[in-house]
Each structure stands twice: as structure tokens, then as C-alpha cells.
Amino acid sequence: MRTVAFREALNEALSEEMEKDDRIFLMGEEVGHYNGAYKVSKGLMDKFGERRVVDTPIAETGFVGVGIGAAMVGLRPVIELMTWNFSLVAADQLINNAAKIRQMSGGQFTLPVVFRGPGGSAHMLAAQHSQSTEAIWAHIPGLKVVMPANPKDAKGLLKSAIRDDNPIVFIEGEVLYADQGEIPDGEYTIPLGVAEVKRPGKDVTIIGWSKMVKVALAAAEALAAEGIEAEVVDPRTIRPLDEDLIAESVSKTGRCLILEEGWPFNGVGAEIAYRVGKRCFDDLDAPVERLTGADMPMPYNHHLEQQCIPDAPRAVAAVKKLLYLE
Amino acid sequence: MRTVAFREALNEALSEEMEKDDRIFLMGEEVGHYNGAYKVSKGLMDKFGERRVVDTPIAETGFVGVGIGAAMVGLRPVIELMTWNFSLVAADQLINNAAKIRQMSGGQFTLPVVFRGPGGSAHMLAAQHSQSTEAIWAHIPGLKVVMPANPKDAKGLLKSAIRDDNPIVFIEGEVLYADQGEIPDGEYTIPLGVAEVKRPGKDVTIIGWSKMVKVALAAAEALAAEGIEAEVVDPRTIRPLDEDLIAESVSKTGRCLILEEGWPFNGVGAEIAYRVGKRCFDDLDAPVERLTGADMPMPYNHHLEQQCIPDAPRAVAAVKKLLYLE
Amino acid sequence: MDVGQLKTYYHQMLAIRRLEEALAKAYALRKFGGFLHLYIGQEAVAVGALAALKPEDYVIATYREHAHAYAKGMSARQIMAELYGKETGCSKGLGGSMHLFDAAKNFLGGYGIVGGHAPIAAGTAFASKYRRDGRVTLCFFGDGSVAQGAFHEAVTLATLWRLPIVFICENNLYSMGTPLYRSMSVADVSQKALAYGMARDRFDGHDVLRVRDRVAEAVRRARNESMPTLIEIITYRFRGHSMSDAGLYRTKEEVEESKKRDPLTTGRDLLVKAKVDEKEIVEIEEKVRLEIEDAVQFAEDSPELPFEKLAEFTYKE
Amino acid sequence: MDVGQLKTYYHQMLAIRRLEEALAKAYALRKFGGFLHLYIGQEAVAVGALAALKPEDYVIATYREHAHAYAKGMSARQIMAELYGKETGCSKGLGGSMHLFDAAKNFLGGYGIVGGHAPIAAGTAFASKYRRDGRVTLCFFGDGSVAQGAFHEAVTLATLWRLPIVFICENNLYSMGTPLYRSMSVADVSQKALAYGMARDRFDGHDVLRVRDRVAEAVRRARNESMPTLIEIITYRFRGHSMSDAGLYRTKEEVEESKKRDPLTTGRDLLVKAKVDEKEIVEIEEKVRLEIEDAVQFAEDSPELPFEKLAEFTYKE
């Protein structure tokens, strides 16, 4: 085991996979000479050169489409979006092309392409730079959506994503980049579509992904002090969703809280809540609860911003409500 | 009462409102000289001229943005998207600008703008031309989403949408345009955010909007023949959602089926199911059921396409499952 | 002047014409639905342009792509069956008229979102440069597509990175019911190239040979110098935008006038001028007739993909 | 030569400089977070360009918009308080550095999505033409923004409809860490105008008078002929792209060299040349010092918007 930062784990995944396969290239704004706006691609241009680490103009529709076209003819592009907030100008490419070409062509073309970059809010970035877009991408059949919560998952999942033959939306929590964590020394991958119990418990299931896993674990810690054992489940992949492990946990605990940084209406948590409500109908002792980002554009002011993002104290309160302790 | 077609009802709403208020203009591809790709704007250019009925090039990001800018400085634009499939190239304008400017400006700018056009699948239009986008737009705080099911609602809701001071996504079922229906003779409007019971019943609640209301009513008809009384509830406005009327109905019937033409994952039905599950937890005799569009891009072949869209027979089967009759 | 080639071009143009006439008939008979955008009148553009390519070169087009698909070597059977929605169609009946694809022939598809395929074309050209495989990408689009941001971004990248690609704007003077002067501030589409310092060309497209030779120059530039070109080819569609378009925005005279420059007539005249005797020409026409008849029969007789098989096309396992 | 105007320009440029220096200091002291994109070095562009406008004209800009906001008449207090996230800020502390707005001054905002505000600018210009209100819209953006499809679509509409608008590209030679030659196939941004048959201009922007006079020509063209113009103004930012940018992609020499053409020096020299005596100039500088000090104090002392009030800003009742 070694301890590395989240961004380094991603960097290792990129570097290791690129070494193995010349069809893989990294493309995006400032990924090369600048070494990445968030330094995820640090050193890669030195190592692989301008041919395989390609800086682009600010043309997301253009280079997201380039990733799609290059994948159609056999390359395996990794396209970095400086942040997922900027993916919206390329939404048509992701939804109408990336997700549909395989089916529209009767299976003739497969698209092994990864679209990756930071997502979610950071610190006072305001409405246009603080978005969680996973609910939109996970709605689209043809796309897979991956959201690691720690360095180990980040590296293992990114390697699997790069080896996968489908277009993948890989969202890295912007505030997780500096997080340190242990990762195995040797080569390893983590399969897509497999959730993980981040902390076992029997009284209530708390579901969260990306940075919400930290909120869930902090809440579980606080609850443990009061004798409440919360089980924290991290789907890791939003789509395909590991419904079985989630249902298993909720059937056991009988109670479920879903944490989501994004907006509530048609959020990922709504889908999970619906499935849990159906699969665990007879086991639920209380309705599924959701704690989500506030249903409004993100405000700039720090205190307002913090109140718009789920945190441990409110997660604890939500759990107690679930347990009718309040 | 008069009988008019869905498209005529929309045309009347546009014409009546434009007569009253010079700040209103209609802009979009082929809306003027061509009288509309789907003839909703038929005759409006003759009536109001090129100043107020504006044909555009194929530049959705451009003219959706024009609608936003014009609304910021006091006009009341109605922007037609030839179909909502093409709104995806303008997703950034709708999400990052239309929905957020009011809040980002501290309430200084309000955006009275309506984005309207046909949505959903029609007949063998294949993957890129058969999409239901309401789940995406309803996810965004700052936008309102309206989806009328018949001529009367179409006219009354469009007039309210035009008079509303917020950016509105108004989606017209492409296959509804020719539907005939009765509408009041005089001036009338239908408030946004108010659902309607399209058919009363006591055994099960079937929720559907836009063309799914027709499927729900057909299913209810078939079920009635077997002595099952289904209540059909049409939210009419997806956001804001009339949760009270929905909860009231489900609390009464104890069973709920949600019909949705769009994709299941993070669909509008997921949100409704979550809210119903929470509001009616103790009244539900069975888990909320959803019948949605198939979780895949829309295939071109007619038979495959039809099997991907919810229909009455499958709605009936779903209801019987809910009633444990199967 | 290679007579064999002239025959091939005439055969291709005629087959495309007859194929689309058969499609129009089948559509009228409700053999299938959806949108049907006919290319009738523009045949010399697709046939001439693709005559300048090698089989390994890539071609990508819009929803008005039946001709490009056929000219790239796809069979009338595959295309007809696809529009009939049959499993034997090039896209297994899942794509239809707007989404013909053929990986084996390097036909990268027809697309329904105006301008949305241009960035993909930049991507295949990027791949060719990345792999140094010497291939050229031809990207076809209409005059109306130039207003789309996707076109601008694709050209921005293609010119910046000097990609081996040729952007071909088929200017048929209208985007649906909108004449060019109502969709663009300039009358010369090729002028767009000036913004990017890109090579450009502009010419009338009813003569298949002129199209071939002028496009060949751009293809050479792409293949040998890895430099992109924007070509505007003036042409005209004899039919409406799609089957549902009454075409009231054009006068009968204008349409009739344009038919005087039917690429098929021009193509046939080339054979006559090349001393190919009438009998041989009629033979070609008879061959085409049988080819299309056979394609219709094939489509009629083919099975549809069973619903159970559909799911596996969304994701690759 | 109106000395009063020269004083105003110098005052504005200096106030913007000091305001941003105060912002940088407050940022370092963690008074607020987020992105902070300083305009230092480019002051003559915003001040000169806006000097060519009437109060009723519209201005819209990017996230690097503190200067444009101030030059449009917004107070240092409003701006400072906004970056402090206070309720007394122009956007009530909800927008922050990248989203300054002032309806009363017709400042239509700073925007964070590159190119995303260009279509909005076309919209306000459209509204002016629709209402025949004689207003002109000025749209500012950077050299990197020109690659965005939104820019192309906005210009396509503005030129087609002859809207009263001036597109001003502030070419500071870099988009974040990317030099122009790596984001564009041509070195002359104004060349983009050729694609649309649009009037264009291109000049160095360190002299506030030149900027004012050249922009004034375009504003006249917009106001009197309702014709758009694309202006490229060459400038330079002395600081990094944002506070988090180390700026390693530029040599120290390059940056130092550029500082020799500091718009403030040029602006002060204009006063000296105009025989304004040193005492008066120092008075201006003292006024500015107090103005910014007061703004900081005002921001420090201002309250924040309570969370309970936040919801009402999402929708208008």
C-alpha cells in the first residue's frame, strides 16, 4: 500500500494505461503544456509528447466530437473537460452522438471514449461553476457514469473506464483532488457497476457518492457516538447502478437516507429512492429520505453556499428523523 | 365551447397574447414565411409582420440566447425550437443563463421568456429525433416545465406561460398537434402548477402528462370494463409540480402507476414516485409502479419503436400487477 | 478520358435517382414512415466527390445521405432494407433513412442534428493524422448547417491542427424553406474559410467530372499536405426538403429551370460525347432498373429485428 | 482635447487598478474565495471603450469584468461588497466576482461560461432594434472565446439581422495558459469578420484615447447604420489568469516588457501633456485612494443576505 493524493491516483491510471496502449490519447484544455488546470495530467506531456497529450482551444463541442469520431475509428480517447460545468455546451455531442451512435449504426461502431474532469461545487465559484451534472448524464441510455470517492477507487475505476468499450462520463469531485488515501502498490482495477460498503452498520443505510461519501462517513461517525450504527454504501458507478447491494443493505437496515450534492428534482437520489421503495417495500420501516443540494442556483456567498450543500450535521438530523428519534 | 385542433389552440394563444402586448415576439426556424414546421404559427407573419415573427438560421444557441437577452431588457420573447431534440445544442444557454441570471444578478433581471416546440417521439424518426427532454429541464431550478395534453390545456397554459415572468420550457407532444378538443369560447387561462384529474376513480391512480394522458385514459377505459376504477391525474406542469393533488389521489386509491414516455433513469416519474412514497407511505398498498419508455435510444423500426413507448395494454397490465390481480 | 469511369458515374447517379424514386414510392405506400429527405437533383455532387477518394477514406454526411452511402459502395439492398426497417439493412433497421452506416465501407453515417457531425469528422481526420494512415475525411453538410456552432468549432480545430479533411457544403440554396439570404449575411459560403485562413473552392455541381476533379485537388491537399479545405458546391434539390414539404417557397419556374441542368442528363451526354453507343447506355439503365427492383424485393422479403435482440445495441458488453 | 475627460479616464483607470489591488489583498487575507480574474494592465480598453457610449447603452462582459462594471458607472462600494459576498453588493453577494450586474446602469453582467454571453448580447441588440430605442450593445470577450460555437452563432445573427452591436475581443495574447497560436489557425482575430462580411478594426489598446476614438467609430456605425463591428484590441494582463495561476507560461521578461506600456502611465502622461499640474494629478490619486479605502470599509461593515431570503431569487413570483 502507498498513500497518494486523489489527483495523483488519476494521473497514475492515465500514465499506466497510456504506456500500455498507443491508441489512448489525452485531449482537453490546458492538459499539456500547462499540466492540467487541476494538475491531474501533470507530467504527461513530458512523458508522452504533444502527439498523445493534446491541448485544445476552448471548443468543447469540437473536441468532445473529436473524441467521438476518433473512437469510432478505433482510437481510445480520454477527453478532459476542464470542469463538467462546461460540458453543457457539448451536451448535444454527448447525448445525440456519443450515447446513440452504437445503436443507430446497428452495433457497427463502438465508442471506447472517456470524458472526464472535475464536478460539483468547490468554494464560492457561484452558479455557473458549481454544478453537479451526474443526474443529467445518468438519464441517458448509452452513457455510463462513474464517480469515485477516494484515491483507490479513482485509480481503479479510471483504468476500468479507459478499458471499457462504451462512452463514459467520469466525474471527479473537484474538492477531492488533494485528498490523500491508500492504494495498492501493484496493478489493479475496480469493475464498473459494483458498489462498495464504505462502513458497515445495521440501523440505517446512508447512500452517497463522490464527496458525499465523506459526509456520510462523518455522519456515521457522529451517529456511532450516540449508539446508532449507520451503513454507508457508495455506488461508485451511478450508471450502471449496483441496485442489488443497495437493496441488500436497505432490506437489512429497513431505513435509507440518500445524500446527493446535486439538485433534488429528478436527481439520482430520486431514481435510487424509487428502486429502493420498490425492492424493499416490505422491509422499509420509514419512507426513504433524501438530503440534497438546495433547489436553486448555487449562491456565491460562502455561508449561503455551505447551507446549500448537504453536510454531516444535517445528515445526522435526517437519520434521526428516519429513526423517529425527533 | 368550440372544437379546435391542438395546434390551432396554441396558435390562438400566441395570436391573442401578441395582439395585447407589443413586447411579445415569436422567433425560430421556419416560424414565419414557412408558417411553422408544424404549422403552429400559421398566419402569424401575415398578421404581425416580420418584425414580430422572426425567422432564424439554424443557430439554436444563438437565438435561444437572443431570447434570453431580449427578455433581460424587457421584451417577452416566445422562442420556438423546431423540436426539443434540437434544444440540446442550446442546453448551456437554457441551464447556465436562462435559469440562473435572475439569481446571479441578485434579482435585478427577470426573464419572461417562453421556449416552446414539439417534444417526444412521433413515428419512425429514430434516435436523434424522438426524445423526451422534460426530465432534463425539470431538473434545473430556475426553469418551469409545462406539458399540455389537450387543446384546452394547450391554449390556457401557453397564455399563462407567456404572461409568467420566468423562463419556461413549454413542450408540445408532437403527435398531439392534430388532436381535436373543446375549448371555451372566450378569454381564459389555466394557472401553471395546477394538476387536473382527467378521470375520477377510486382503485388506482394513474399519473401521466402530455400524450401519456391519452394512454392513461385508454387504460382506464379498459380497466373500467373489468370493474377497476382508475383515477387519471395529469400534472400539466411538471415544474412546479402539484404534489398535493397527486398525494391526495394516491392517499385515496392507495396505488399509483406513473406513465412516462421518456427514459426511466432519473425520469420525472422517479421524482414523483419518491414524493408519493414519502407523502403516502402509510396509505400505499403496493409500491409505486412506473411504466416508462425503454431504457435505450429510440429504434427506427416501427414495431420496435412502438414497444419502446408505453401503451394502454401495458398500462393495464401494470395496474393489475399493482392490484395483485396477476 | 476513361470511358469506364464515365459509365460508372452514370450508373451510380442513375441508381441513386431510381433508388430514391423507389423510396418515395414505398413511402407513399406506407412501407415505412419517418422523415425522407431526397437527394434528387444533387447526384453529381456525391458521385463526383466520392470518385476522388480511395476506399479507405472516410465519408460522413447528414440525413440527406442515401447518395453518399451508395457512392461509397453500399448496396441498394442494404439501403432499401434499412429504410424498410429490416434487420438486413445496413443499420439493422435501427437507424433508418437519416442514419445509414457502413463500417466496412468507411461510411461513418448520416446524422440528424444539423452540424452535429462536423466535429466527428474532425475526429476521424484527427485519428488519421494520429495514426499517419494517409486517409482523408470528407464531411458533407448543407448551406444551413454553416450557422451552427458545431461547424465553427470543427473547422477551428481542423485548421489549427491541419487535419486531412475536406468540408463540402452542398449549397442547394435552401435550408428547408429558408433561402440562403435569410440564413447568412454573405452570399458566398466559401467565404467562411477566410476566418480560418483555410483553402477554399466554389463551383457549380451539376457536372460530375468537374466535381470529381475540383474535389480531387482538395483531397490531394489533405492527403499530401495534411491541410483542410472548405468547398462550396452549388446545387439544387428537385424535390421538397422532405416528403412532408410542399415546397411553396420556390416557384414552379425556378424548379423547372433547375431541371434543365439535371446531372443525369449531363452524365448521359458525357457518354454520348465519349462515343458510347446508345445500346450500351440502355444496358446500364436496364441494369440499374433490375438492381433497384431487386433491392425492393430484398427489402420486402427481409425479416425485422426481434425486440428481444434490441437491448444489446445500447451498450457493448 | 477636453482636459476634464482626460482626468475622468485617469481617475477611472486608476480606481480600477487600486480596486483590483485591494481585491487581491482581500483575497490573500481570505476575505472571500472563488475565482478572481484581475484586469490589471488592460484598463485602457474598458475605460476607453465605455467612454464612447451613452448611459443607456448596454454592456456585457466575461468573468474578467470588474473594470467594465466600474467604467459603466457602478461604484467601488457595490463591486467590493459583491466580492465580499455581502447583501450590499450589486448582486446581493449571490453573483460574486464573475457575475457583477447593474440593471440601473445597463451593465448586463459578467458571465462565467466562455462565449456564452455573446448570444445574450445579440439579444439586447435585437431588442434595441425591435424597439428602435437607439441603444448600442457592447460585448466584451477574450481571444480564447472566439473558438466557441456561441460566438459564431451570435455573430451570424448580428450580421444577418444588422444589429446595433460592437463585438470587442480583448486579445491579451493568452487564454489561460494557451498562447493565441495554439488556439487559433490565424494570428489576426479580426479576420473572423471576413466570414460574415462584417466591419472590423484592430489596434493596440494601451492608449485610452485611441481606444475611445476607434470604438466610437464602431458605435456610430451601430447607432446610425445599425451595422455590427468586430474589434480586436491587443492588450496584456500583468497578472496571472486568476489568483491560482502561477503564469509559468510567460517569461518574466515578456511581462516586464509589457509593463513599459502600462495604460496608467500613458493616462498620466496625457494629463501632464495637457498641462494639468502635478498637484491636481496627485489630488485625483488621493481621491482614488480614499474611494477604495471607503469601499473596503463599506464591504467589511456590510451584512450578508440571510439564508431565509435566498429562495425568492430563483423564481419571480
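Note that the chains take the letters A, B, C and D in the order they are written out, and that residue 1 is the start of every chain.
Throughout what follows, a contact is a pair of C-beta atoms (placed from the backbone, for glycine too) under 8 Å apart; a residue touches a chain by one contact, two chains touch by 3 or more.
Note that the structure is predicted; figures quoted are calculated from it, not measured.
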Neighbouring chains common to chain A and chain D, by label: B, C
Chain centre separation in whole Å, for chain D relative to chain C (CA means): 46
Whole-Å gap separating chain B and chain C, where each centre is the average of the chain's CA atoms: 36
Mean-CA-position distance for chain B and chain A (Å): 30
Computed distance of Cα centres, chain C from chain A, in Å: 40
Two or more partner chains touched - positions in chain D: 91, 93-95, 99, 111-113, 116, 147-150, 153, 156, 160, 182-184, 313-314
Chain B residues counted as touching two or more neighbouring chains: 57, 59, 61-62, 85, 88-89, 92, 96, 103-104, 126-128, 141-142, 295-297, 299
Arrangement of touching chains [line / ring / star / complete / other]: complete
Residues of chain C defined as touching chain A within the complex: 58, 60, 89-95, 99, 101-103, 108-109, 111-113, 116-128, 130-131, 149-150, 153-154, 156-157, 160, 312-316
Interfacial residue positions of chain B with respect to chain C in the complex: 29-30, 33-34, 37, 55, 57-59, 61-62, 85-86, 88-89, 123-129, 294-297, 299-304, 307
For the chain A and chain C complex, residues of the former touching the latter: 25, 51, 56-57, 59-75, 92-93, 96-97, 101-110, 141-142, 144, 165-166
Chain B contact footprint on chain C (complex, rising order): 32-35, 85-86, 91, 93-99, 111-116, 144-145, 147-150, 175-178, 182-184, 249, 304-305, 307, 310-311, 313-314
Complex contacts: residues of chain A adjacent to chain B: 61, 85, 88-89, 91-92, 95-96, 99-100, 103-104, 126-128, 135-136, 138-142, 239, 263-271, 273-274, 277-278, 281, 286-290, 295-297, 299
